[in-house]
Each structure stands twice: as structure tokens, then as C-alpha cells.
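Across the two complexes that follow, chain A remains constant while its partner is chain B and subsequently chain C.
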Partner chain A sequence: MSQDTMIQDIKAHVAKLLEDGTIAGFVGLIEQNGHVAPHLFTSGEKLSGFSLGDFNSPGDSRYPLNKTLTTIARAYPHQTFGVLVRGCDERGLFGLFRLNQLRENRVVAVGLSCPDALAGACECKKPYPDALVAGEKTQVPALKQVAQMDGKDLAQRFDFWRDQFLKCVKCYGCRDICPMCFCNECSLECEDLIKKGDLPVEVPVFHLTRAMHMADRCVDCGLCDEACPSDIPLRLLYKKTAEIMNVEFGFTSGLNKKEKSPLSTMGPSK
Partner chain B sequence: MTVLSQMLAFTGIDQERLRARWVSSAEAPEFVEEVNAFIHTLKKLGPSPLKAAKGQEEEPA
Partner chain C sequence: MEYKTTLTTCTYCGCGCNFYLESLDGKLIGTIPCKTSPVNEGKLCIKGWNVHQFVQSERRLTTPLIRKNGALVKASWDEAIAYTAEKLKGIKADKGGDAVGFFASAKVTNEENFLMQKFARAAIGTNNVDHCARL
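And then the complex of A and B:
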């Protein structure tokens, strides 16, 4: 399905939602002055400049729209908003419903599927949302990265990750861009755990702390990986955490709407 | 524990270096036994590779 048809499909769908008052606004992407940015579309604008975030290549301009939505929803708790979602964003929405950051009846997801190239690059487990409005269900690509790393021996893995972790400049970009990071008090800023202004970071404490906190949250959107100025393969790290959660507890963050996190339940289930 | 020990292994740190045991405060001998066993394991494993990594980074560039 072509880009233009997808844009048209979404525009028509959203215009209808805005018109009949189902939603007060639509959180999407806008192309303006040669850039793509998050934008809250309201009924007057007729969705001009609406973009899917494919600036040079598919999905190269993505933003944590759920984060924008959460901020807006906090300011206008009695309004319903629409939001543009890819597969990962929808998993994020389900997670945010589960963690009481958004109210399900106040959010209308408008979904688009990802092209094969993007799904493959992401090694996405579900490259299309349930609320599919534009595009067709994309094939789930083969998952290789984690197995590749698992195939190396302990010393090789140690050298690899030590080199990666030492590159960290502690900009907190991974946390700030993360749509699932919303805590008011962050462990990574706790003076007792992480010394302020100290570089390099303590290997592997800093990165594993975040990985552990992401265990039942990470929806594998890969924004942290894209945001990292040092190009640390954070996504690979969190992919492994997610794999452990899946193998040990049969849990995949955001895949099922009602699923509770095994880390917040005690004792045998049921 | 399950997740963390596997994450350590993934980042190249021996899982044996992490251990969690539940011992009651009334069971001193068991506590001693656990700690000694852990010390024994660690001695066998030798110094942590992280120590070497730290030494490296402290060298002036």
C-alpha cells in the first residue's frame, strides 16, 4: 500500500472522529519547515501537513507520541484524544493503561502498520497494531540479534558490553525519550546508587539498573537506541530482558491488553 | 533474581557471582555455611573481570 493512500486513510478516519466529537484532538506527526514533529491536531486544522514520520526512509522520524499524549491527557483529564500508533506504540498504550498512566476510555488509537524494511530492522514481534486503520498486517520478521549475542562466549560478551557501556556519557537520553519511563523519582538519579557527574558510569550497574526497570515495561520501540549519542545497542540489551521475561514467565509487555506483570504479582497465578 | 542473573550472563558476567539465599536469623550455622560456600565459589572464580576493566580506564590516556 502506498504512502499516500495510508495518509489519506488515516486523514479520513481522524477527520471523522474529530467531526463527530469522538475525540477532542489527535496526537500525530506534522511536517513543517522541512522537519517532522509531534503535533496536536484539532478540528479546525483539517489535518494539513499530517505526516507518517517517513521523512527519508520508513519510520525514520519517530517520536514518543504516547508521552506527548500522557502530558496532554493530564492537562485535560475529561477529554478524549486520538493518537497515531504503530505496533510498538500500541503495546506502549496497553502498558500505560496497565500502569494507570492513561485511561483506556479516554484514548482512541489510530494505527498504521510498518513496512517490511522497518519491521525487519527492528526485529519487531508485532509490526502492526490491533487498531489498524492504514496498511496491512506486516509479516513478523525473523529474530536473530539476541541469539547471535548468546552464541558468543562469556569473555567475548563481557568485552563487547564493557566497551559499549564505557561509551556512555550519561546524558539520560534513553530514559528521557522512553515512552514507558514516567516515574517522578528515577533510580538512576538516586545519589546512593549513581554518583552525580561521575564518568565513566559504573559498568554494568548503570545500564543493568535501567534494563531491570524496563523488564516488564519495554515495548521494544527502539527510540532509546536511536536517541543514544554514543550508539550503545540498548535495544539489544532490552530485547534480551524481554526474552527472559517471556521464557521464564510467559510475559510480553503490551502484547495483551489485560495482562498483568509477573513482577507485580505474588505467588502462583490463580 | 531470575532475570538479573541471566542479564549478567548476557553481559558477560559469570552467573555464579550472584547469589541470593533465604536464611532465618535463628539459623546461624546455615548462614555461615552459605557464606563460606559463596566465598569458596568466588575464590575458585578468581578476581572479577570488572576489576581489570576498572584498572584499564584509570590509566591516563
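And then the complex of A and C:
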């Protein structure tokens, strides 16, 4: 399906939602002045400039729209909003519902599927949302990256990650861009764990603190990886964390809407 | 209900990273690095990520301050400029232009920096011109 057709399908769908008052606004992407930006479309705008976030290649200009949605929804809790979602974004929505950051009955997801190339590059577990409005269900690609890393011996892996973590400039961009990071008090700013102003960061405390905290939240959108000025392969780290969660607890963040996190359930298993 | 993203350039250093300043109902609420910017390609440093915070900060200076009897006192721009001009003239007359140093800033435009070095060399008569990044 061509990109133009997908844009038209979504625009028609959203225009109807705005017109009949189902939603008060639509959080999506807009292309203007030669750039792609997050945007809140309202009924008067006729969705001009609406973009899927494909600037030079598919999905290269994705933004944390769920984060924008959460911010707006907090200010307008009684309004219902639409939001543009890919597979990862929808997993994020399910997670944010579970964690009481968004109310399910106040969100209308409008989904598009990702092309094979993007799904393959992401090694996405589900490259299409349930709320599919444009495109067709993409095939789940082969997952190789984690196995490749696991194939190396312990000393090699240790060296690899130590070298990667030492590149960190502590910009906190991985946290700031993350649509699943919403804590008022961030453990990465807890003085007992991480000293303020210290560089290089303590290896591996800084990065593993975040990996632990994201274990049942990360939806593998990859925005942290893209935001890292030091090109630390954060996504690979969180993919491994997610794999452990899946192997140990049978849990995959955001894959099933109603699934509770094993990390928030106390007591022995039945 | 007005959520806006405004594309702009970071004021912190001379790199010129681009980001969106997010505003909700007229108040700045966040910074998002611009992915389509050829300069920073969706990445920022810690200062850039927090650049929206100083704009509306209660601690931001809103008037010039002049130190009088050891304490900083609020002053008008006219008063501050007249005071600075008088002091600069005095220092130049007593000790010469090389008794004064000028620090340019990455937070202002090229044109403003040009004017500052011109003022240093032509009006005060010194080549003591340096840059805030070396402070």
C-alpha cells in the first residue's frame, strides 16, 4: 500500500472522529517548513500537512506521541483524544493504561502498520497495531540481534558493554525521550545510586538501573537508541532485558492489553 | 486547548542544535530534539534537553543589577549602560585599553559578537577578546 493511500486513509478516519465529536483533538505528526514535528490537530485545521513520520526513509522521524498525549490528557482529563500509533506506540498505550497514566476510555488509537524494512530493522515483535486503520498486517521479522550478542562469550560481552557505557555523556536523553518514563522522582537522579555531576558514569550502575526500571515497561520503540548522542545500543540492552522478562515470567510489555506486570504482583505464583 | 511545537535553535553553545519547544496553553513545558535537523539529528546534550526551563524560571534576572556598597541592586537599562560606559572610559583613561577584557558569548548572534569585538578594538583599543566557552 502506498504512503499516499495510507495518509489519505488516516486523514479520512481522523476527520470523521473530529467532525462527529468523538475526539477533541488528534495527536499526530505534521510536516511543515521542511521538518516533521509532533502536533495536536483540531477540527478546524483539516489535517493539512499530516505526516506519517517518513522523511527520508520510513519511520525515520518518529516522535514519542504517547508522551505528548499524556501531557495534554493530564491538562484536559475530561476530553477524549486520538493518537497516531504504530505497533510499538500501541504497546506503549496498553502499558500506560496498565500504569494508570492514561485512561483507556479517553484515548482513540489510529494505527498504521510498518513496512517490512522498518519492521526488520527494528526486529519488531508486532509491527502493526490492533487498531489498524492504514496498511496491512506486516510479517513479524526474524529476531537475531540478541542471539548474536548471546553468542559471544562472557568476557567479550563484558568488554563490549563496558566500552559502550563509558561513552555515555549523561544527557538523560534516553529517559527524556522515553514515552514510558513518567516518574516524578527518577531513580537516575537518586543521589544514593547515581552521583550528580560525575562523568564518566559509574559502569554499569547507571545503565543497568535504567534497564531494570524499564524491564516491565519498555515497549521496544527504539526512540532512546535514536536519541543517544553517543550511539550506545540501548535498544539491544532493553531487548535482552525484555527477553529475560519473557523467559522467566512469560511477560511481554504491552503485547496483551490486560496483562499485569509480574514485577507489580507480590506473593508466590499459583 | 493549544499545544504547539516551535522549531528553534539552542542558545547554549555555538553548535546550533535544533529542537522543538513544546508549549501548552502559552506555557513552555518541554524540549524535543528535531530529528530532521541536519545538525543534531534528533540528539541533544543535557543542557539542550533542559533549555525550556530557564525561560520562565522565577530565578531568571529580569533587570540589570549594579553592585552598590557590596550589594547587588536592581537598576534600569539606562542607568546600567551609563554606569558601564563611565567606568570603561575611566579605566581606559587611567590604565589604557589593555586593562579591559571582553568575553563574547555563544548565546548571542554572530552580528552581536562582531559588534562586541569591534567595540573592543575600535572604541576601547584592545585585542583582549575571548569567548565564554574558555571561561
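The rule is short, and it goes like this: the second predicted complex is superposed on the first by the 267 of 270 C-alpha atoms of A that agree within 3 Å, B and C clash if a C-alpha of one lies under 4 Å from a C-alpha of the other, contacts with A are read in each partner's own complex, and residues count from 1 in each chain.
The definition used in the following text is that contacts are C-beta pairs under 8 Å (C-beta built on N, C-alpha and C of every residue); 3 or more make two chains touch, one makes a residue touch a chain.
Everything numeric here is computed off the predicted structure, so don't read it as measured data.
Novice: Based on the superposition on chain A, does the combination of chain B and chain C result in a clash or a fit?
Specialist: Aligned through their shared chain, the two binders fit side by side on chain A.
Novice: Looking at A:117 after the superposition, I want to know if it touches chain B, chain C, both of them or none. Which is it: first, second, both, neither?
Specialist: neither
Novice: For A:208, select first, second, both or neither according to whether it touches chain B, chain C, the two together, or no partner.
Specialist: first
Novice: Give one of first, second, both or neither to describe whether A:169 is in contact with chain B, with chain C, with both, or with none.
Specialist: second
Novice: Looking at the overlay, what does A:34 touch: chain B (first), chain C (second), both, or neither?
Specialist: second
Novice: May I ask you to name which of chain B and chain C touches more residues of chain A?
Specialist: C
Novice: Could you say whether A:72 touches chain B, chain C, both of them, or neither, answering first, second, both or neither?
Specialist: Only chain C is touched by A:72; chain B is not.
Novice: Quick check on the superposed pair: does A:158 touch chain B, chain C, both, or neither? Answer first, second, both or neither.
Specialist: The answer is first: A:158 touches chain B but not chain C.
Novice: So, does A:150 touch the first partner chain B, the second partner chain C, both, or neither?
Specialist: Touch partner of A:150: chain B, not chain C.
Novice: Touch check for A:241: first (chain B), second (chain C), both, or neither?
Specialist: first
Novice: Between the C-alpha centres of chain B and chain C, what angle is found at the C-alpha centre of chain A, to the nearest 10 degrees?
Specialist: Roughly 90 degrees separate the directions to chain B and chain C.
Novice: Check the superposed model and tell me the shortest C-alpha distance between chain B and chain C, rounded to whole Å.
Specialist: Here the least C-alpha separation of chain B and chain C stands at 20 Å.
Novice: Which residues would you name on chain A as touching chain B in one complex and chain C in the other?
Specialist: Looking at chain A, the two contact sets are disjoint.
Novice: With touch defined as at the start, can you tell me which chain C residues reach chain A in the complex?
Specialist: My answer: residues 1-3, 5, 7, 18, 20, 22, 24-25, 29-37, 40, 42-46, 48-49.
Novice: Under the touch definition given earlier, write down the residues of chain A that touch chain C in their complex.
Specialist: 24-25, 33-40, 42, 55, 60-64, 68, 71-72, 75-76, 79, 169-173, 176-177, 226-229
Novice: Can you list the chain B residues touching chain A in their complex?
Specialist: Going by the criterion above, the answer is residues 2-4, 6-14, 49-50, 53, 57.
Novice: Could you please specify the touching residues of chain A with respect to chain B in the complex?
Specialist: Listed in rising order, the residues of chain A that touch chain B are 149-150, 154-162, 165-166, 200, 203-204, 207-208, 211-212, 215, 237, 240-241, 244-245, 248.
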